[in-house]
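Let me begin by handing over the structure; questions about it come next.
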Amino acid sequence: MQNHILSIILFTPLVGAILLLFVPKENKDAIRWIANIFALAGFLISLPLVPLFWEKVKSGDPAPFKFIEGTANNWIPSIGAGYVLGIDGISFLLIMLTTLLGWVSILSSWTAIENRVKEYYVWFLILQTGMLGVFMALDFFLFFVFWEAMLVPMYLLIGIWGGPRKLYAAIKFFLYTLAGSVLMLLGILFLYFHHHSVTQVYTFSLEAFYKTAPQIYTDYGPYAATLLFLSFFFAFAIKVPMFPFHTWLPDAHVEAPTAGSVILAGVLLKMGTYGFIRFSLPFFPDVLHNGSTRFWVMVLSVIAIIYGALVSLMQKDMKKLVAYSSVSHLGFCTLGIFALSPMGLSGSVLQQINHGISTGALFLIVGILYERRHTREISEYGGISNVMPIYATITMIMFLSSMGLPLLNGFVGEFTILGGTFLQKDIAGHPGWFWTAWAVPGVVLAAAYLLWLYQRVFFGTVTNPKNEKLHDLTPREVATFVPLLIMAFWIGLYPKPFFEILKQPVNNLVATVNRETPKAETTASVTGGTTAPSECAGCGLSAMPSPTAVKPATASATHPATHTAPTATTPAKGKN
Amino acid sequence: MHAMTDISTLHYLVLGAALFLLGVIGVLTRRNVVIVLMSIELILNAVNLNLVAFSRYWQSIHGPSALHGQVFAIFVITDAAAEAAVGLGILIAFFRNKETVNVDEVNLLKW
Amino acid sequence: MGPTDLILARPIVLLTLFALAILLFDFWLPKEKKWFNALLAFIGVCFSAVGVHQIQAFIGNTPGIVGMLGTMVVDRFAIYFFYLFLAGTAIAILMSVRYLETENENHGEYYALMLLSVAGMMCMASGFDIVLIFIGLELMAISTYVLVGFLRRDRRSNEAALKYLLLGAFSSGIFAYGLSLLYGLTGTTNLAGIHQQLLHRAFDPQYRPVAIIALVTTLTGLLFKIAAIPFHQWAPDAYEGAPTSITGFMSVAVKAAGWAMLLRILLGSPFQFCGLVSMRDVWVPLLVFVSIATMTGANFAALTQTNTKRLLAYSSIAHVGYMLLGMIALGTATSHDGFDDGFKGILIYLLVYTFMNLGAFAVITSLRHRNIAGDDLDDLNGLYSRAPVEAVLMLVFMLSLAGIPPLAGFWGKYFIFLSLIETKHYVLAALGVLYSVFGLYYYLKIANAMFMRQPEKGEEKLPVSLAMRVALGLTGLATVYIGIMPNRFIEMVNWALGIVQQSNVANLMH
Amino acid sequence: MLFLDHIYLIPLLPAFGAAFMFFFGRKLTKQTVSAVCVGVVVLAFLFACGAVLQYNVWAGANNHQPFQKIVYTWLGTDTGHLNFFKQDGSAANFQIDAGFLLDPLSAIWLLFVTGVGMLIHIYSIGYMAHEGGYYRFFGYLNLFMFSMLTLILANNYALMFVGWEGVGLCSYLLIGFYFHRKSASDAANKAFIVNRIGDAGFILGMFFIAWLMGSLRYVDVNAAARSGHFQIGDPLITAATLLLFVGACGKSAQLPLYVWLPDAMEGPTPVSALIHAATMVTAGVYMVARSNALFVLAPTSMKTVAIVGALTAIFAASIGLVQNDIKRVLAYSTVSQLGYMFLALGVGAFAAGVFHVFTHAFFKALLFLGAGSVIHAMSGEQDMRNMGDLRNRIPTTYWTMFIATLAIAGIPPFAGFFSKDEILWQSWATESVAYHLLWYIGYATAFMTAFYMFRLIYLTFWSKPRMSHDVEHHIHESPASMTMPLVVLAVMSLFAGFLGFPQSLARLVGIHGETNRFEAYLAPVFAKEAPVFAKEEPGQLAAGTKEEEKSSGTEYLLMFLSVGAAAFGWYMAGRSYREADKGYVEPINALSPPVYNTLLNKYYVDEGYDYVFTGRRKLGGVRLGAMGLGEASSWFDANVVDGAVNASGWLTRVVASLSSWWDKWIIDGVGVNGPAILARMLSYPARLLEWGLVQWYALVMTAGLVGFVFYYVYH
């Protein structure tokens, strides 16, 4: 399949940025229009991907990665780096999220950004391309390039258009994340070298690494493998951010402009979790199954959940509160990932999307108040729902989705994650319910801090005279929320398509990481139900006689790399 | 008589080393730039001494055609002259602006 | 002197001739026509480049040829460095034109000395005999002393020159002393011969002490030229005091020459081990110490600098530290991978460093005009609003220096660290990458000043001369292009090192 | 099968109403709003009746199995890939369907929820006529109906949880309806968060069930539970059921999570009637009854349920004795009645418990609506001390409320008598004597109930008026839209009881055959437990083998005693409060003031919680609870975690200054000042020391050189 849809999606924002360079910087409205048009175009162009991808999902295309573009090592043959793009269900969802949020946040900054408009949009569009690249790259080197290149525009966005402590926040963000990723670079180089020493082939092709990386545990022993795992772990954990590495997040969020925060929370943080899913798990299954590494990762996730919630409970600054709530939510994501169960992983990916939608919306919400009053102090507000009813309603819905209320997106993710963790019979030497029990209080606390915030900001009467004149949402502002609301309800009411999309990658991943994975017969539930088949076709989670009952699923459940796809779709099948 | 003749290469080397150390100490301790330059000359002379002595030694082994050392020495001498010339030139320029030739007053650029 | 020697000598001879020509023409040139000197020098560089290309054609597929009675070997390695020197010089010349006018020091000697020093560098890079190397070194050094002090009325310039001279002469004295001992030890001044002799003498307890003293003193001279701690202290002062264009020139060309010499003497050439390579077990530990000291000291020192040139001086010292890591990998490589990648790392590093560092200095030079010295960190404040192009370019150079992909600077680090991994120096590698993060901090200080601070002095635009535009364009383009499309440059280095490893990658792509 | 096949429409109709309000409500007139919102609920009610009737026919043909309707797969995929291992090692596949289930149990709830809900909607038209946010109110009410119906009709625990959280949300929104009042929004938050605690338990319980049974669908769970695969007292099942019960405690306001319900009275009165009396708070009972198959496998849980229920009953009733706010009295009475229901469930008398839910729905809704009518008449006054003599001014309200009071007090033949009496009898009849204690508690509660209810009646409706004059001449009977529901409910509270007419009484009056239709109707749901009861050895399970020893004699005696208690309570109340206008003393206060104050302040539980759990109050300068932890962790975050980061940054700068200034203090210090001092003392050595800049550099170089050499001297 040699169409270039991925490249087109990837570079549309960049084209916009380059175009903007030729617009005189005085002509602000033209700049805004062009930027918005290209952001919207970026989103619209990514839409055709949906039916195309869905058709592949339906047809049960066995190839682990779809729309593969470019062949291995076609970029820098001398070191074996290639410009290879390709997506599976996970990256597909994240890409759609990125294009959507990119558009929303650019739309949201129409009035928010007044000075140096041109640069702002240029950097923003470049950032967009960088993020998309991270999710599309199938070549480890390409991935790393995007991963690092994307830091620069974000740094400038925070540093130029940020708040009072912008310099501190920007540099902290840049250094902190870079520190993690350079260690990852060493890790990558080690894998690269190891792959060469095994196969005599220099390549950064991801699929090639999928083959050789797991051998490191046997070739170099657990200690080296664990160190290697950590070199990746730090990079991703800082990005996520997991508990002890999270302090850059509040600063970055508080200082960043609204749109920056939206992207930061909505997409950038997902890169960490994406990294875990795409690299850490399939590369180091043995590290996870032996030793205490996984235990500590789980502990950190749980701490993040509770701790983030507790801290945000006491915040006085709305944005800080939301920022810490992200720490808590991402804790759920990592929990689900390292539960290494199909449910946990699906839920985690879904929760990443949800977090992007909900928290993105929360930052927009805070931004709207900030734009009107130029303060984010909670104590400055109160009784806002009297003056801004529409705003209050939308906020309520988004809060509910963020605290995981059923029929909204948040619940689907959290519930699946918790279930996946609970129903995994052994996680790092402890039963799944042990971990779930620790994580569940986070759900309660989420309600506590969000509702308390809502009460303090929206309920009561308008006490602060400054708030009496606030005007309600403009159509443009409403427009920024509409897609998010739609997504929130869609995922909440009918998440099945998302699960369908995640089915193949998640199963492959679990099959790779776990030695034995439960396989329920795909047609099981027909016999499982007790009522008439017509009413019960494929419903209910019905119990199966034994795990061995399933042959059909296993075919697709093999490892991406060990899976030999027919055509040039798998670049790294070299005669080693 | 006999004692006079056998001045071995080693003696030259020791002398060279002594000169070298003198030069180094001079560079490290003297205040006047001109004298510092002279100490550097001293070091280079130590080098020359070594080269010539070694050249003699190797001639006694490889035969008279092994002249590398002495050739090298000549180059070093030339180089020393050039260095001195440039050095003095720069020193004069410096002196024009700062009216001193003391190294410890060459302290505008620091940390 | 056969025809071969004429071909080999051609680039050097051309440079010398043009230098003399410039000195000659300079008399007749009226003050406002001085730019003609620059033009002449530039042409000279181009001619010399053509000469180099002729040699390249001449040696064809052979690794290289020895000439000048065996004192000079022009192999691919040397040719690579020739091109490097010439490129650096050409850009430096472009930077200088308007700068010298501003400084009102527009004399032909400037360019003449530049060309002469390049001639010296070529001798260092292609020298196969310690005598020739020493001569080349001195030729380069003495010309540079003068260039550093070229702003006669500027006290900082005088002082920088004086210091540089004293220390340089001192170090070359020590260097020469070491060479003399080497000669005494081996009875020859030819690197190959020295290698032959050392193979057994270096380990013979009777000679070992002398060998070690010889090595150590030589090494001192070498490390001084590349400004590695603790032999670095001249660099910040000289860089700060010298005319900015010359600072750029020194920081790339002179340094590259130093590296060429270092590699020649410690390793010989990628095709044939000569010089002190047999004493690896002695100099590797020293280099470990030196490289760690260099990275640490330089990075820390750069952190609190307020003068851009001085900051970049320290940063360039730090980069030397990274390159020395590659040297360590070279010295300890047991497999071919480690050796090749280490060597490749150093060469590519020098290549990309030439462009990004010159670019940075070009920007600083362009800041220099009537009222602003331009080398103070605050002079960069709000540069974006005054000169957006320069600001963005500077940002690119800074990020490239910090080694952010996909910019050129990343590639040097990439191979260095790869070679360290391959030779199992994980700790050194971790240290290196962490220091490179560390380095980002002070590069970002410059970026902050340009983009996030407001200018004190008005919003007036900077006048930028055509030559400077070309220089900026070249460096910026090179930095980005090498970053994104490094393949042909890596191939080039592979060619220079005679590495053939494409084959097995090739069979990946069916 | 029209109704059954489209059963999902029952929740969707109110959902449509809510959505309509959400989008267009702002623009609509009150008439349209009421037309739409009440209309959809009426439709839902009719639809529900149709569905139940059809089900009864259908069930007869399909040996009384529950009817299921799967609409689509909600969580997971049709082919299913969310696989996991059950606790017994076999594999299962996680898949939650948006499916609906109708069986007698849900049928009963369906009927009274839609019915009462409909009445209360109608009532609200009048009650809310003069309030702002009219459309908002009805939108919320419809949303609530949607959630409640989802809760009832769900065919699996997860979907039940959807409704479960949904009703929680609506109760939050409606309690906070007057969001201008801090007290209202506080109460709203309290309700939601306390419920969330329960929900956390529910979630965990659900996962336990999935882990054990491999499914969350009732049919599968019950099938598995009754398969005999698990033996009685399986600790995991106990854990699961206890966790579920935590959820029930939150939703049904049992100890220790009852605290939110009294505060919930901040909401408009119809809300209190609908949500916090008739329907939502019984969700916990529904859930436990729904999981009966599991509970009977876990005797410990059954005991817990029974004991918590009994304690809650008497605890709340005792508080109710002294409250003066009319709605709070009813609120505590609700808590206490819910306690009764759980007592019934706990002793295994599921049918009885459900029966009490059923009757309670009518008379408690009626009481609240009546109270609302009173407040309406009293123009907002809620304190009973300022009322009196309303019986002549708003007679309809008075008589309906009086009927309801008789019903709740358990005076035959009103509805409450049958249900409550059944519960007391069952708790006695369980053979293990320990359970007689529960009967005593229930009995005392019955007395208290009668007392505080008649206290309410007397204080409100009897004696001379005690309210201010301008209030007094505003008093008027409520509009028909409000009184009509009262009447209907009164009728129901009068006759609903006969559905569960006890066998024994029937025999007494000479009727034979099945008279307890209610229990009979529920038999398909609960009867299956009989074999389980039979299987286990005596005394192990609360329910015991009650079927056997049903000695009518004891039953009559107990019946008589409970009626006597009610009558005595009535008498006592009358004695203390009939002449309230002549000034009265609270009898308890007369007995012992401290007890009275404790009761008046609700045992200081709220304060305790604020000190210990929420941390809203500081305990001697120390903040405990969630907020305390929050403060602690934010301090930790700012000072320790981030502190470490910044400290490392600071350290680097220090080192940097050192290493960049080292030659500064060497040169200026040693090089310039030092020599100057030394030179005065002794000149020559000073000159040695007196190196300048360059020479210092050179010295360092030499030092490095020498250092190299030494390195090898020592190696």
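Labels for the chains are A, B, C and D, by order of writing; each one numbers its residues from 1.
Basically, a residue touches a chain if its C-beta (ideal position, glycine included) is under 8 Å from a C-beta of that chain, and two chains touch if they have at least 3 such contacts.
No experiment lies behind these values; they were computed from the predicted model shown.
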Chain ID, smallest distance between chain and overall C-alpha centroids: A
Chain centre separation (chain A, chain B; CA means) in Å: 68
Centre-to-centre distance between chain D and chain C (centres being mean Cα positions), rounded to whole Å: 76
Centroid distance [mean C-alpha coordinates] between chain C and chain A, Å: 44
Chain centre separation (chain B, chain C; CA means) in Å: 28
Residue list for chain B, restricted to those that touch at least two other chains: 27, 36, 103, 106, 109-110
Multi-partner residues of chain D (at least 2 other chains): 660, 663, 693-694, 698
Each pair of chains that touches, named by its two labels: A-C, A-D, B-C, B-D, C-D
Complex contacts: residues of chain B adjacent to chain C: 9, 13, 16, 20, 23, 27, 33, 36-37, 40, 43-44, 46-47, 50-51, 53-54, 57-58, 61-62, 66, 68-69, 71-72, 75-76, 79, 82-83, 86-87, 89-91, 93-94, 96-98, 103, 106, 108-110
Parts of chain A lying in touch with chain D, wherever the complex brings them together: 172, 176, 244, 246-248, 307, 310-311, 313-315, 341-343, 346, 383, 385-386, 393, 400, 405-407, 411-412, 415-416, 418-420, 422-425, 433, 436-437, 440-441, 443-445, 447-448, 451-452, 455, 458-461, 494-496, 499-500, 503, 506-507, 517-520, 522-525, 528-531, 535-547, 549, 553
Residues of chain C that touch chain A when the two form their complex: 337, 384, 399, 404-406, 414, 417-418, 421-422, 426, 429-430, 433-434, 436-437, 440-441, 444, 448, 451-452, 485-487, 490-491, 494, 501-502, 504-510
Parts of chain D lying in touch with chain A, wherever the complex brings them together: 22, 65-66, 68-70, 72-87, 90-97, 99, 156, 158, 161-162, 165-166, 169, 172, 176, 179-180, 182, 184-186, 188-189, 192-193, 196-197, 199-200, 203-204, 207-208, 210-211, 213-217, 219-220, 223-224, 626-627, 629-634, 637, 641-642, 645
Complex interface listing, chain D residues touching chain C: 652-653, 655-660, 663, 693-694, 697-698, 700-701, 703-705, 708-709, 711-712
